[in-house]
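Some structures to go through are shown next.
The same chain A turns up in both complexes below, where it pairs with chain B and then with chain C.
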Partner chain A sequence: MLYYILRRVLYTIPIAIGVSLIVFTLVHLAPGDPLSAVMGEVDQKMLAEMRASFGYDKPLPLQYLIWLGSALTGDMGYSLRTGAPVFGTLIDAAANTMVLGVAASFVGFLVGASAGMFAGYHHGTWVDKAVSAAAIAGVSIPHYWLAIILVIVFSVQLGWLPSMGAGAGASVLSWDAWKHMLLPAIALAAIPCAIVARTARACVMEILSMEFVEALRARGLSERRILLHVSRNALPTVLAVIGLQFAHLLGGSILVEVVFSWPGTGYLLNLAIFDRDIPVLQGTILLLALFFVLTNLVVDILQTFADPRISRA
Partner chain B sequence: MKPNRLQSTLAGIGIAAALAASLAWGQSRPLRVGMTLSDIPTTSGQPNGGFEGYRMTGYTLYDALINWKLDNAKAPSTLVPALATSWKVDAKDTTKWLFTLRKGVKFHDGSEFNADAVVWNLDKLFKKDAPHHDARQRAQVAGRILSLKAWRKVDDYTIEFTTHAPDSTFPYQTTYVFYSSPAQYEKLGRDWNKFSQQPSGTGPFRLEKMTPRERAELVRNSSYWDAKRVPKSQRVVLLPIPEPTTRASALLSGQVDFIEAPPPDFIPRLKSQGFQITSNVYPHIWPYFMSFREDSPWRDLRVRKAVNLAIDREGLVKLLGGFAAPAAGAVDKSSPWFGKPTFIIKHDPAAARKLLAEAGYSDSKPLTLKVMVSPSGSGQMLPRPMNEYIQQNLKAVGINLELVTQDWEVLRNCRRAGAGSPICQGVHGINNSSATVDPFSAFGRIYSSKAIPPKGFNYMYYSDPKVDAMVEKSNNIFDEKKRDQLLGELHAYLVDQAVDVWVVHDVGPRAMSKQVRGWVQARHWFQDLAPVYVAD
Partner chain C sequence: MNAPEAQRITLKFDALTPAPGAMEVPVGVMLPRTYWQTVGVRLARDPYTAACAFILLAIAGAAVLAPWLGLPDPAATNAAQRLLPVGSSGHLLGTDELGRDMLSRLIHGGRLSLTMGVLPVAVALAIGGTLGLVAGFIGGRTNMLVMRLTDVLYAFPSILLAVAIAGSLGAGVGNALLAITIVFIPPITRVTESVTTQVRAMDFVEAARASGAGAFRIIRTHILGNVMGPVFVYATVLVSVSILISAGLSFIGLGASPPTAEWGLMLNTLRESIFLAPLNAVLPGFMIFITSMCFNLISDGLRSAMDVRL
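Here is the complex of A and B:
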């Protein structure tokens, strides 16, 4: 087992290098000059000088090696646009995305699981139909569209919640921060909420048909207690689903973050693309790609614990 | 005990003083501004983000030696003394200028502004071996002060500049260079990145706090050297909101007080809800710059005139909800440089057809023009519907306009590289809006053959000895009125030659809440936020 885990971890290294190579190549294949972000009104001659001073005149393979060398030591360079270190910028953005991801998962889990379990328990009634319809709508409606509708209703028409930004930079626990988080979290939560609701409903229905439920009823337990037992049995599956959704949310959502100008990784990526801020672009894509590589690694290792046959294969 | 007369008088004075103080300093509500930029422009001295950067973190935190007069909406902006109180050219050697600096000006950190600070800042930008040289800041301004060759401290409050050749437009070029505090740079360990977090300039605002991509908070510099420009707002918050609808929603929901460029389809709604909308013409042109290189159909004057006559500018303005002004040349008719062109740019499709027929084009042999356009970009207004409208106009006179859409940075790179370069993908022209703020930006850097890439912005490869001579001559006229007259003749000549397709001038709409006071929309790219405040 240990040997397998070690091998699996070592495999990650060539994968990560491959990912970094693809990231670098893709970024440099895109049309446009990497210096566009810093250039004001400079002519071709000055442009050539600038290119040399930033090292963009070197052959691409050499640029890649220089970049990889520094990235390995945690130095991902400086934003061409702002001059801020890319690593710090990425950490800030990732923290914002994480906060939003946690909030959205929480909303998604709470609403999705309770609605789904309730619908499953009252299978066939109008409540069940309403929840199922809402769940289908939840997975089908594009979340950026939902985001715009939320802004129109809650910010513009009702004026209850702010339409953009993450607030004045106070603590995450402040009311100001919560207010700013609410709409993007709801927009992001729609899909996980719907998926969780459907899973919970199916799960509860399946458990309800099991013999132990009959046995509980025969022993004279109240319906409320039975629902509690059923919910507890459904919970592991629902948690597994929300776990996957959470990992997905951490990747950031470009569209929702852009609509709300939420300063996370998705928004950062979008800005970096339009500004041709190559160091930030490379850093952000690399971070997101490595995040998925790591997620896969963790899942693989966890699966080994769950099913030891995998490590022998 | 009854108050005696002295007590009542003192109380009266006290109340009056308190009222006066509250009028002068009392605007406690912050002014929150929604910018179109996607990030806070750099704050270390020379802002990035083009002229919007200059507006937001340039003229707020800093001053130039000469500033623009931005308190009049009725006339084009002119130059006003700022960190320099006067300037004059040396009558014997017109490449030498003497600038007298203002005394008693302090940077935000309390250190003094003087000739040493000027030399230090110019070294920062243009002396590559200076220990504090900053390539990033240099890139923002190098193309705007091309005449500058050397600088020298004469005494503590006098600076001598030398230009490469006589250039009467040099004072305009100095308006783009801002002065950062050498003392603050030393204090922060000689680090420009740290300096951008805690900058120190001489401007009417100080930067208090900045979170990249989120917000910058500027606070009033109460000891600003120009008492008339001490800010009315205690605090100005700059928020980057690049999405137009997000920006408008933020205004409607009361999250910001003032936005730049509200989307035209939101304007009727904003107006009906009592928001203030302002606009004004400014030195901007939305043109097609066309190639004059070999094989370009644009070399034929009849074709150039025909395209200019085929466009229905009034219709286009209507399409933009009235937020544009039809162009009759590179500069607006109110500009002192408009002159008296004989070729009148108007909508005359019949004349356009006739000219095309004379040039040998017909329905069986139609003229095809390929133009590179961008989906968005600084000063580009609403490129897609505008270009499609022009496409229809040209179709009506028998011209096929092919639009090649590329993103903004590719378009800018094509402009730098010049017509015919591979990055331009074989187009005949580009739709790249341009600023005509000063004589050099308006004429020299675009129409002079000396500015053909790689040396300048003459994308078109336009070369006309007559234009070159007029540009050269205008640089040697140091009497402003006479120079304006010559520039008028130059502009009239360019219009008569129909060098570009001049379409419209932007009018820079802004929207703000009912409570916003003091805003004057100057006829300029730069604007002054100092007098603007939110009434309680």
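Here is the complex of A and C:
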């Protein structure tokens, strides 16, 4: 098992290097110089000086190495628009996205797992069919549309919850912050909720058909105790799924963040794209992708602990 | 690919083993059916799949025939008739923020939205399918190389990768299509490779090789037919994802640009109007939802129809 974990960790290194290469090449695919897009009509001499100070006059492979080297030490350059250090901006935004991602995963896990397990246990009944239908709807619904509907119902019509921002200056634990977080978290939770429900349902159905459940029944255990055994067996799979969904949420929250003007990484990315703010663009994509790679790694490792059979495969 | 997915993929030659209950059919009635005939009969008996296919055909048909349906011009603005409510006379589904007819725009919008849903998957299927087929059939180092390369693209959440590519290339339908296509190549390659590897290990492939068939012939006559089914089912799921992502790109301004009728873009421009005309504002999203769900349900239907173990 240790060998498997070590191999899995080592394999993450080439992936991470590949990711950084892709991120770097991506932003250089766009025609034109990153600076000329921002500066517009300026003196050619001044542009050349600016280019040199940002290092854009060097050959691309060298630029990549310099960029990667400084990114590793936490220096991601300065925003072309605001002049603020990218790293600091990014950390603030990432914290906001993280809060949203944790809340959405929590809701998704709680609702999805309980609905899915219930449906799997009562397989074939109308409850099961309703859960399955809701799960299909959950993966098909455009979550940015769901976000708009939530705003219409709870902000515009009922006036219960705010429709924008994260609540200025309030601490994460204040009621105001919670109110701001609720709608975006629900909109984001739709997909993980549906996927967790599907997995939990399939998992419980599979476990219920195993012989050990028959044996437990024969020993006269109450249905409640049996359900406890079943959920204990289904838990590792369901937790792995929610772990991966959490990673997807952090990278995929951009559409919902735009709807709610939530000051997270997605919103930052959106601003950077339309400002053509290359350092912020590169930094945000790199951070989100690397986080995705790391979460995948952690989920894989945790799963080998939960189910040692995996490492032998 | 993870384990549950692998289990779902059922190969065609399972048809040789009789399904439980198949033996009970009276001999005189039993008609020999090919595998695809069986699938067809099962699909026809599945009311959900049939209903979804009907809805999709209606939306796609209306979109294709839109210019000849006698609808109002989808680009004709009318400042005096802005945000008319759903059910207004002359504007069945009301008008948008510039007084354009909603029904006409929703129907016309299907042209671009459906294209952006289907085209990237089709192109990715051609490229990823070929890569996966070659990697799975040749195996060894080629397989390693192809699969490790797809692993790198796998290291991005799909929406992030699409936004990153489209955002770097700049707004526009062409760039959005390219971005989504790139996003779908790795998953299709992975699924095709995994099924091909399974089929390649089968005895009949060994037999074909022993009787002197060339690689190209084996792929064409023995492997392709067995791989196509599961990969096609997977591709229909991706169409539903593609519709969501492409409309999402247009929604944040990276896809279609005004005044084009496109569902994601309409949803974006109508966002300002949620206070005055909430129903109008949610209609484009409803179209995205319905088409995406139909593709999902059809994929489920296809999967169970092709699963001969059932």
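In this text, the second predicted complex is superposed on the first by the 218 of 313 C-alpha atoms of A that agree within 3 Å, B and C clash if a C-alpha of one lies under 4 Å from a C-alpha of the other, contacts with A are read in each partner's own complex, and residues count from 1 in each chain.
The definition used in the following text is that contacts are C-beta pairs under 8 Å (C-beta built on N, C-alpha and C of every residue); 3 or more make two chains touch, one makes a residue touch a chain.
Just so it is clear, the model here is predicted, and its values are computed rather than measured.
Undergrad: Applying the touch criterion given at the start, work out whether A:Val238 contacts chain B, chain C, both or neither, answering first, second, both or neither.
TA: neither
Undergrad: Quick one: classify A:Ala187 as touching chain B (first), chain C (second), both or neither.
TA: In the superposition, A:Ala187 contacts neither chain B nor chain C.
Undergrad: In the overlaid three-chain picture, which partner chain does A:Arg81 touch, first (chain B) or second (chain C), both, or neither?
TA: In the superposed model, A:Arg81 contacts chain B only, not chain C.
Undergrad: Return first, second, both or neither, reflecting whether A:Phe274 touches chain B, chain C, both chains, or no partner chain.
TA: It touches chain B and chain C both.
Undergrad: Let me test your reading of the model: by the given contact rule, A:Val23 touches which partner, first (chain B), second (chain C), both or neither?
TA: After superposing on A, A:Val23 lies in contact with chain C but is clear of chain B.
Undergrad: If we overlay the two complexes on their shared chain A, which of chain B and chain C does A:Val258 touch? Say first, second, both or neither.
TA: Touch partners of A:Val258: chain B and chain C.
Undergrad: Quick one: classify A:Ala137 as touching chain B (first), chain C (second), both or neither.
TA: second
Undergrad: May I ask you to decide whether A:Val107 touches chain B, chain C, both, or neither, giving the answer as first, second, both or neither?
TA: neither
Undergrad: Using the superposition on chain A described above, determine whether A:Ile148 touches chain B (first), chain C (second), both, or neither.
TA: In the superposition, A:Ile148 contacts both chain B and chain C.
Undergrad: Identify the residues of chain A that lie in both the chain B contact region and the chain C contact region.
TA: Common interface on chain A, chain B vs chain C: 148, 151-152, 156, 258-259, 274.
Undergrad: Which stretch or stretches of chain A touch chain C in the complex?
TA: 14-16, 18-19, 22-23, 26-27, 29-30, 136-137, 139-142, 144-145, 148-149, 151-152, 156-157, 199, 202, 247-248, 250-252, 254-255, 258-259, 269-270, 273-274, 281, 285, 288-289, 292-293, 296
Undergrad: If you look only at chain C, which of its residues touch chain A in the complex?
TA: Residue list for chain C touching chain A: 4, 148, 151-153, 155-160, 163-165, 167-170, 240, 244, 247-248, 251-254, 267, 271, 274-275, 278, 281-282, 285-286, 288-289, 292-293, 295-297, 300.
Undergrad: Considering the complex alone, what residue numbers of chain A touch chain B?
TA: Where chain A meets chain B, its residues are 31-33, 35-48, 50, 53-54, 78, 80-85, 89, 148, 151-152, 155-156, 159, 162-166, 168-169, 258-261, 263, 267-268, 271, 274-276.
Undergrad: Given the complex with chain A, which residues does chain B contribute to the contact?
TA: Those in contact with chain A are residues 38-40, 42, 44, 46, 48, 50, 135-136, 139-144, 192-193, 196, 209, 211-215, 239-243, 245-246, 249-250, 252-255, 406-410, 412-413, 416-418, 423, 453-457.
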